[in-house]
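As written, the chains take the letters A, B and C, and residue 1 is the first residue of each chain.
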Amino acid sequence: MKIKRFSYLIKSIGMVFLSLACVFGVQAKLRIVTSIFPLEEFAAAVVGERGDVSCLLPPGAEIHSWKPRPSDIVRLSGADLFIYNGAGLEPWMEDILRSLNRPRMKTLDAAAGMREFHAGHGHEGHGHGDIDPHVWLDFEYDQILVDRILDLVVELDPQGADGYRLRAAAYKAELADLDEFYRESLKSARGKTFIFGGHAAFGYLAERYGLRQMSLYGLSPNARPKPKQMAGITDFARKNNVKVIFFEQFVSPELARVIADEVGAEIRVLYPGANRTAAQVRERVSFLQLMRMNLENLCHGLIRE
Amino acid sequence: MGNMSFLTLIDPFIRYGFLQRALLAGLFIAVACAVLGVFLVLRGESMIGHGLAHTAFAGVALGLLLDMFPLGIALAVAIMAALLISRIKEGSGLSGDTGIAIFSSVGFALGIVIASLARGFNVDLFAYLFGEILAISPLEVWLSVSLALVVLMTIFLFYSRLVYMTFDRESARASGIRVDRLDALLTVLTAVTVVLGMKVVGIILVSALVVLPAAAGLQVASNFKKALMFAVLNATMSVGLGLLLSYHLDIPASGAVVLLSFLFFGILFVLRKARIFRSF
Amino acid sequence: MVLSESEGAVLVDVEEVTYAYNRIRVLDGISLKIRTGDFLAIIGPNGSGKTTLIKIMLGLLKPQTGRIRLFEKTLGRFTDWGKIGYVPQKATHFDTVFPISVKEVVSLGLTAAGRGMSSKNKADVLVREALARVEMEEFLSHRIGTLSSGQQQRVFIARAIVSHPSILILDEPTTGVDAGMQERFFSILGKLHREENMTIVMITHEVGILDKHFNRVACLNQKLIYHGRHDEFCRSDEFKKMIADGKHVISHTH
């Protein structure tokens, strides 16, 4: 309730500045706010210098347990386009959008369309229930997302359409390269299973390249794993003489380390990619780079059953 | 269920190091909690464990923020809070648990603010709020066991002075016992124990591990040693069986431990009320 | 063996003690010497500062002025607490469910005296012996909360004398104890006084029992009104004045 009232105040202040900007004829840049880092990178890749793209999720935060603070709502109140992931990844989002009450702000739900995309690829459709929200970890779907961002951006700023199209095509080519690189590297891999001491973020990625993800947590890292599950995974690791247990960036490596110690394995990181650390932000590590690092680590730890 | 022998029940505790560590640390912490609990409950300070655990939460958050050993920082913060609480009790005229209530809420608030500084309510924090017996590292086991031993040895060393002070504070003072120092000592020991217990049952439930076994012991014991014995028995059985149940029924260990402890308490309470045995 | 006024060694020396509680003066320039062999009754109306004086003597309260010497040492330097046995007022007002046995209660009395108490057996012998001295041996393993208040009182005396103190201080120990029990109680104290040469100080409000048991009386009403032999006290002007004023030494209503 408090957040709502506060956001009204901020919104009105924002409006005042906005109208001032119009009066003085400042050419406002396209302002795009995204909830998570991959969407920020996609949007930035499309708009280039003609837009300001920022991500709500601060460096180092874990998206499933993060909630926006008042300053984030201020930022959102000035956006022309808000790109969010959807599929329940941002449970706070609906309330905040309603309280912002800006019907003219464009929004994009990234996960909307995943079900159709998935079904269209001959996978068993998840006909009911929640869908896996980690849609950015399907690199073909990411190309569709870039197209959808492009459409919206062109609609908002038709003058820049040519540039947007060129840049979008270039980035999509990089995504296609990444997809191809994964496919090639993993085709020859002898093992197909990996043990992930994080949450089940890599479902789409695993399905796409014929891998099996064995994760400790479910679709969100907030529900604690059960002892039996730990025991089961430990047994599996022991039986298959596993050498690498993966842990998740932004989730404590403790449990991965416990299993690794139990079976004499090493631990390596996997990046779900929804966010970066402050250091990675400083070093301008890109989403594509994170995914390439994932591939390299994965290749060290695939298990042949 | 017919062929589920005792061996299959305890088998996982033989096979998995993480369960062994949970059991070992849990049992030692349970003994320390139970012994301290008897003194605290009789002193009318049942809530101090709760208060110190919440204060320790600030330490955990700080540890996670600085990326340093959170348990160690929580320990330091809780001990400082313990000393402050006993100081406040002396001088402020605040009655009973008012000081504790203030500390616990301020500590928790501080924890929340620090956690948000750490950019986002970190998932790891939940492990401390609700306990994470699966992730007790060998270092933490070593720390828990040795600190629990230190707590127990200190109590053993000061045993009769602590009992005297708890039973009859004025006479204890009149026989030259420095009760103010012992107050502080007891509070510090509680802080240490509660921080250790956090990892097993979590911040929210750790005070139950201090209070319930002690309350159970007080139901039936005819003397102090027996009260301690019953409390220790209740606590160790709750932790042992609780971990077992947690594994086989796939329920959270912290909840299982506390509910079992309550069950044992309830049984003794009913037995006492029914005067099945007057006192042991 | 009757000791006259200045013969015995001074065990407790109260010098010019003044104490105020919330600015209300409770004790005003009290000087009092308690000597070996005294069986001293401290009497006075409610609020006359009797308990306060005892607490100051034991270091439980800090007087605003004046000083206390115990066994010829200043209070701050005194460490030999085993020489003093103390039964506080309302000792029997503990939580009756407190899980502690008679034996455990009595052995608490060795905490101060016997920090270096070497053998558990020796402590055991002392505890049994102390209980025998108050005629309570058969209750050794009872939980104290199950006893009558007269019995509890005797257990607390056992706790106070277990370390064989030179002086025993009791604060209104007979409150709420019936007459028969009281008689037994005084015979126990009398025995301690006679046979163990124990100095006994007792706050009491039962003026009727004065001549039977005590050899000295201190009458307190903020100031020390009288201190001397009890037989002289009964003949003294102070006593007569008190009676005449209707301001009985007994002002308790039970």
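By definition in this document, a residue touches a chain if its C-beta (ideal position, glycine included) is under 8 Å from a C-beta of that chain, and two chains touch if they have at least 3 such contacts.
None of the values given here were measured: they were computed from a predicted structure.
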> Line, ring, star, complete or other: which one describes how these chains touch?
Replying inline: line
> By C-alpha centroids, what is the most central chain here?
Replying inline: B
> In angstrom, rounded to a whole number, how far apart do the mean CA points of chain B and chain C lie?
Replying inline: 41
> How far is the middle of chain A from the middle of chain C, if each middle is the mean of its Cα atoms, in Å?
Replying inline: 79
>> Touching at least two other chains at once: which residues of chain C meet that condition?
In response: none
>> Going by the contact rule already set, what residues in chain A reach two or more other chains?
In response: none
> Tell me, which parts of chain B touch chain A in their complex?
Replying inline: 12, 15-19, 116, 118-124, 126-127, 130, 132-135, 137-138, 246-248, 250, 252-253
> In the complex formed with chain B, which residues of chain C make contact?
Replying inline: 58-60, 79, 81-82, 84, 86-88, 91, 94-95, 97-101, 103-105, 107-113, 141-143, 146, 159
>> Considering only the defined contacts, which chain B positions touch chain C in the complex?
In response: 42, 160-161, 163-164, 167-168, 170-177, 217-218, 221-227, 279
> Hey, which residues of chain A end up touching chain B in the complex?
Replying inline: 57-62, 64-67, 69, 221-222, 224-228, 230-231, 234, 250-252, 254-255, 257-258, 261-262
